[in-house]
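One chain, chain A, appears in both complexes that follow, with chain B as partner in the first and chain C in the second.
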Partner chain A sequence: MRKVAITRFAQSAGVESGDNLMDFTYRISKEVLDKAGLKRNEVGCVMIASSDIFHSGLSCANAVDWDGSGAFMIEGTRAEDSMFALIYAAMRILSGHFDTVLVTSIIKGSENPDNDTLTGFFADPFYMRPLGINETTAAAFQMREYMQRFGVSEEQCAKVAVKNLGNALFNPYAHMKKRVTVDDVLNSETVSDPLKALECAPKSEGVASVLLASGDAAERFTDKPVWIKGFGTSMDHFNLGDRDLLNGQLTVAAERAYRMAGIRQPRKEIDLAEICEPYAFQELLWCEKLGFCPDGEGGKLIDSGETQMYRAFPVNPSGGVLAMNPYVSRGLYRVIEAAMQIRGRAGEHQVDKKVRTALAHGTHGFAGQCHSVVILEG
Partner chain B sequence: MADEKPKEKPREMKAQVTVPYEMAMGRNWHRFFENLKEERIMGTKCGKCSRVFIPPRSFCPRCFEDNEEWVEIGQEGTIETWCYSNLMFYGQTLKPPFIAVQVHLDGTDVGLQHRIAGFDLSDFEKVRELVKSGGRVRVVWNKEKKGNIFDIDYFELIPE
Partner chain C sequence: MGRAVAVIGTGQTRHGRRNDVSYPDLVREAVRMALEDAGITPKDIEGVVSGTMPSMMEGISDTHLYFAEALCEVGKPVLKVESCGSTGQSIAHCGFYWVASGMADLVLVVGMEKMFEGDGQATMSTVADPWFLKPFSAGAPGVFTMQAMEWMHRFNIPEDKAHEAAAFISVTHHDSALDNPYAHIKIKIGMDEAKNAPIITYPVRLLDVCPTSDGACAVILASEEMAKKIGRKPAWIRGLGFRGEEFFYGESNKSIWPSATEAAKHAYEQAGIRDPLKELDVAEIYNPFTYQEMIFYECFGFCPRGKAPDYVLEGKFNRTGELPCDPSGGVLCTNPIGASGLIRLAEATLQVTGKAGARQIEGAELALSHAMGGIDQFNGVTIVGAKL
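Presenting the complex of A and B:
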């Protein structure tokens, strides 16, 4: 089978940009091509990830985004989630149709209304939306079930925010960075009990771009390719009430990615994970579903300290989504962070251990309706 | 040159979008809301896996077959999970604080989202003592029926 490499990438920092959306998209896409020494019209295919209407106030985004991503006269298509865009791009290379694909994900959070104003529109207009159900209330439902079924404590959930906001202090691309204590988290405003304000991700700017290449083409662009060894996705029902909120589709997505990458013991074979946790407790729940610890033991995992940046099994050394939440782009940020760690060039938040295999995870929809998992290797 | 640094911070333009939509309810949800006006809750049942759905689905999303059978649903149920929402944001429909809940109505196989009310919600600690997952609730009907989800005004707690 053909191989797919991540060759070059670029990401915007979380600070508010004065650029308009099209310039913002252009700058990051251009940076990747310049790093690769590739001209715009030499790219095989462009894959963009952006959100129609609500996350940019524009429709339809797939008409607007092409110029900034350099796609004039190039074949392209678009996804609503950046991890899915990356996976579709990898498939295009695997198909043999293209040797290079530029993946660019576009969100400008500073221009948008509150996250919950927007995520309220994920809810159906007849039953959930009139009742104020949005991503945060759905996550609060999930967190309460998690705590009640497994006895995970509010303190254990808060520790995720302490770790991730602290890690972000070392990441120049992060948006929220802060040294906080468990008490600070627990005493922050109750937004949707049991969720506290510091346990909910912010609304961030974020254009991220990655140049994928086939195995043969990769060496033209980099001396340190990061290989996509496996990927998997899975979708749960739309209606929250149709789902077991603690047994969603992440297990299935992970199994698909692990099978493709030949991973049998994820905790032993994976060196580092970048996980998409828009709400603090979700890092613990997703760790369980990814097979890093048994069901119900996510609380013990954070208590053990093993997931700290400089310990045996770093999770979200970048600060994760709690520190940087450019909605559609947040999955691709995880991929880039994981690739930086594998290359040993993550800067101040480079972990101590040698990272050969890393996992990147993305999610969108209420309470983890849709999951994607990518396995990367140096 | 496009890159020239502007002396002032580039301006932002305020924009607001208001656009009307007409969302089709379809036959099933029309029938569901017409029944709410009569204070009846109707669900559909899958002929293959026997799951009972509310809101009534015209097909079973797992078996992917038409749901032919209608069944009347009980007006009491069990709290699956809930949250106390104190969150105000643009477009919020209910005035905080409110209690969002997922209820498992008797005779159904899925959860329904609604709200719990009927008592003083201002003291959060008191709310936490009263509302428990696994607790029982009952429908309180809105006196004024409009054929929408608020024909169920709220769910009230059934004392243990």
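Presenting the complex of A and C:
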């Protein structure tokens, strides 16, 4: 089988950009091509990720994204999620038809309505939408169930926000950065009981871009390729009532990625994880489902301090999605952060230990209906 | 170059105004038929790709979440790919690369649209940017009419001749749709009726324009090994290509349409096709407008630039002509947009596997399928053959 490498990447910082959508897209895509020393028309294929959820008031987002991402008259298409785009791009290289694919994910959050106005449109028009179900209210159900079934406390959930918002202080690309205490989190406004404001991700804007290359082509663009060793996605039932919200499809998506990467003991073999946690408690739940600790012990994991930036098993040293949430792009941000850590060039938020293998995770839909997992190796 | 990929099953809904079913039910109808056609069960599927038009069409976004059960994708790897009107081809290409990469042996590809639940023209107007294009946008006909005028002007095509040829295409496609059990608009019309139909946007008339439809289409793609194991007659994917142009309509020359020309060229190179008019046996072209279909004939190399109306009037693209185009009646008679591009692939598959029933072109072995999207911005082509 062919090998697929992440060769070069670029990401925008979480601050509101003064560029228009097309310039914003162009600036980041061009940065990647410049770093790789590649001309636009030498790229084999361009894979765009963006959202059709009334994205900047434009339907068919790929239409306006096309020029800025450099896709004019070369192969390309658009996926609905940046992890989908990355995985599809990797498969295009594995197929042998392409040697390079530029993956660009585009969200200009400042031009969209707030997250839950948009995630509310995931709901079917008949049963769920009249109830006001959106990503936040669905997550609140999930958090309540998580605390009740396993005795995980609100304090333990709040610790995730303390850790991640604190980590973000060292990440120049993060949007929300703050030194907060558990009390600050618990005393912040209740958004959807039991979720507090500081436990919910902000709405951010972010364009992220990655140049993938086949094993043979990679050395032309970088001396430090990061290899995509495994990936997996999985989909759960749609109706919340049809699902066990604490036993979703993340385990299945992870198993697929682990099998491909040859990982048997994730906690031992993976050095660092960048997890998509738009709600603080989800980092704990997802850690369980990824096999980093036994079911119900996510609370103990955060209490142990092991997941802090400079400890044995860093989780979200970038600050995660709680610190930076450009909806569609957030998965690709995790991938880029994991790749930076593997290269040892993450700057102030570089972890202390040697990172050989890292995991990046993405999710969208209510309470993690759809999950994607990618395993990277130096 | 990668593994060979075959289409081993197709399914289409009865297209039209489908008030009898919900949107997920509509999707399931196509999925069930494709599974039956391939002789497999949902359990056998290793991956699911889906796509539609943008969420404003039906007011639901990221429909792969809503259709989890309808698409048989619970517990399975999924991808969601979209590119406006060319979505049908884009999702087929995704399925192709998925199987070609070796990551799966059986992939289900589904496109869908339930247009009677929304306002198609309003949705398509929001593809235009709010500052420069939108003040001019008049839904799809406004754009495609502009292109027709540019094309006639560029190649000095007399308007009468183009008008005659457009009517001829309309009459023959509406005739063909009568033989297609899935088609939406089934009417018998004459030349006078087509030529004198009410004007929508000059010179395009009512019978030159596609309808809006509810419908879904599903296709099952398999690796060579799996296709042989299952043993149904496969259609082999022989070539594929996709190209996109600038976002702003005025920046490219739509009378020679580079994206359509280059997408086909890319697919021809892989399939080893040098003279498409002679080598192809049938073409399923995405033809929401009769005038546009003529431009595609030229871009795809079926005739010289500016000569499409002559070829049409000579009957070269009839069902009995040298290269029958859209024997299904095409998009002109059936247009659930997110499905339309995939329906072209399904119809091409039926033709090269000899399963097209009353609309079968005898002895068809090599077929082109195509879709177009955006404001004339995107084109995708897939070529299937009876032989690998």
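Descriptive notes on the structure:
FYI, the second predicted complex is superposed on the first by the 376 of 378 C-alpha atoms of A that agree within 3 Å, B and C clash if a C-alpha of one lies under 4 Å from a C-alpha of the other, contacts with A are read in each partner's own complex, and residues count from 1 in each chain.
As a working rule, a contact is a pair of C-beta atoms (placed from the backbone, for glycine too) under 8 Å apart; a residue touches a chain by one contact, two chains touch by 3 or more.
Everything numeric here is computed off the predicted structure, so don't read it as measured data.
Of the two partner chains, chain B is the only one touched by A:Gly18; chain C is not.
Applying the stated contact rule after C-alpha superposition, one finds that A:Arg256 touches chain C and leaves chain B untouched.
Judged by the touch definition given at the top, the superposed model places A:Gly57 against both chain B and chain C. By the touch criterion defined above, A:Pro125 lies against chain B and chain C together after alignment on the C-alpha atoms of chain A. Of the two partner chains placed by the overlay, only chain C lies in contact with A:His364; chain B stays clear of it.
Of the two partners chain B and chain C, more residues of chain A are touched by C. In the superposed model, A:His237 makes contact with both chain B and chain C.
Applying the stated contact rule after C-alpha superposition, one finds that A:Arg92 touches chain C and leaves chain B untouched. When the two structures are aligned on the shared chain, A:Asp81 is found in touch with chain C, with no touch to chain B. On chain A, the surface touched by chain B in one complex and the surface touched by chain C in the other have residues 57, 125, 237 in common. Those residues of chain B that touch chain A in the complex are listed here as 2, 9-10, 12, 15, 17, 21, 23, 25, 29, 53-55, 61, 80-87, 89-94, 98, 100, 102, 110-115, 124, 128, 133, 148-150. Note for the complex: chain A touches chain C at residues 1, 22, 51-54, 57-64, 66-67, 71-81, 84, 87-88, 90-92, 94-97, 118, 121-125, 232-238, 249, 252-253, 256, 364-366, 369-370. Across the complex, chain B is touched by residues 18, 23, 57, 111, 113-114, 116-117, 120, 125-133, 136-137, 140-142, 144-145, 148, 189-195, 237, 239-242, 245 of chain A. Interface residues of chain C facing chain A in the complex, by the touch rule stated above, are 1-3, 48, 53-57, 59-62, 64-69, 73-84, 90, 93-94, 97-98, 100-103, 123-124, 126-127, 129-130, 241-247, 258-259, 262, 266, 373-375, 377-378.
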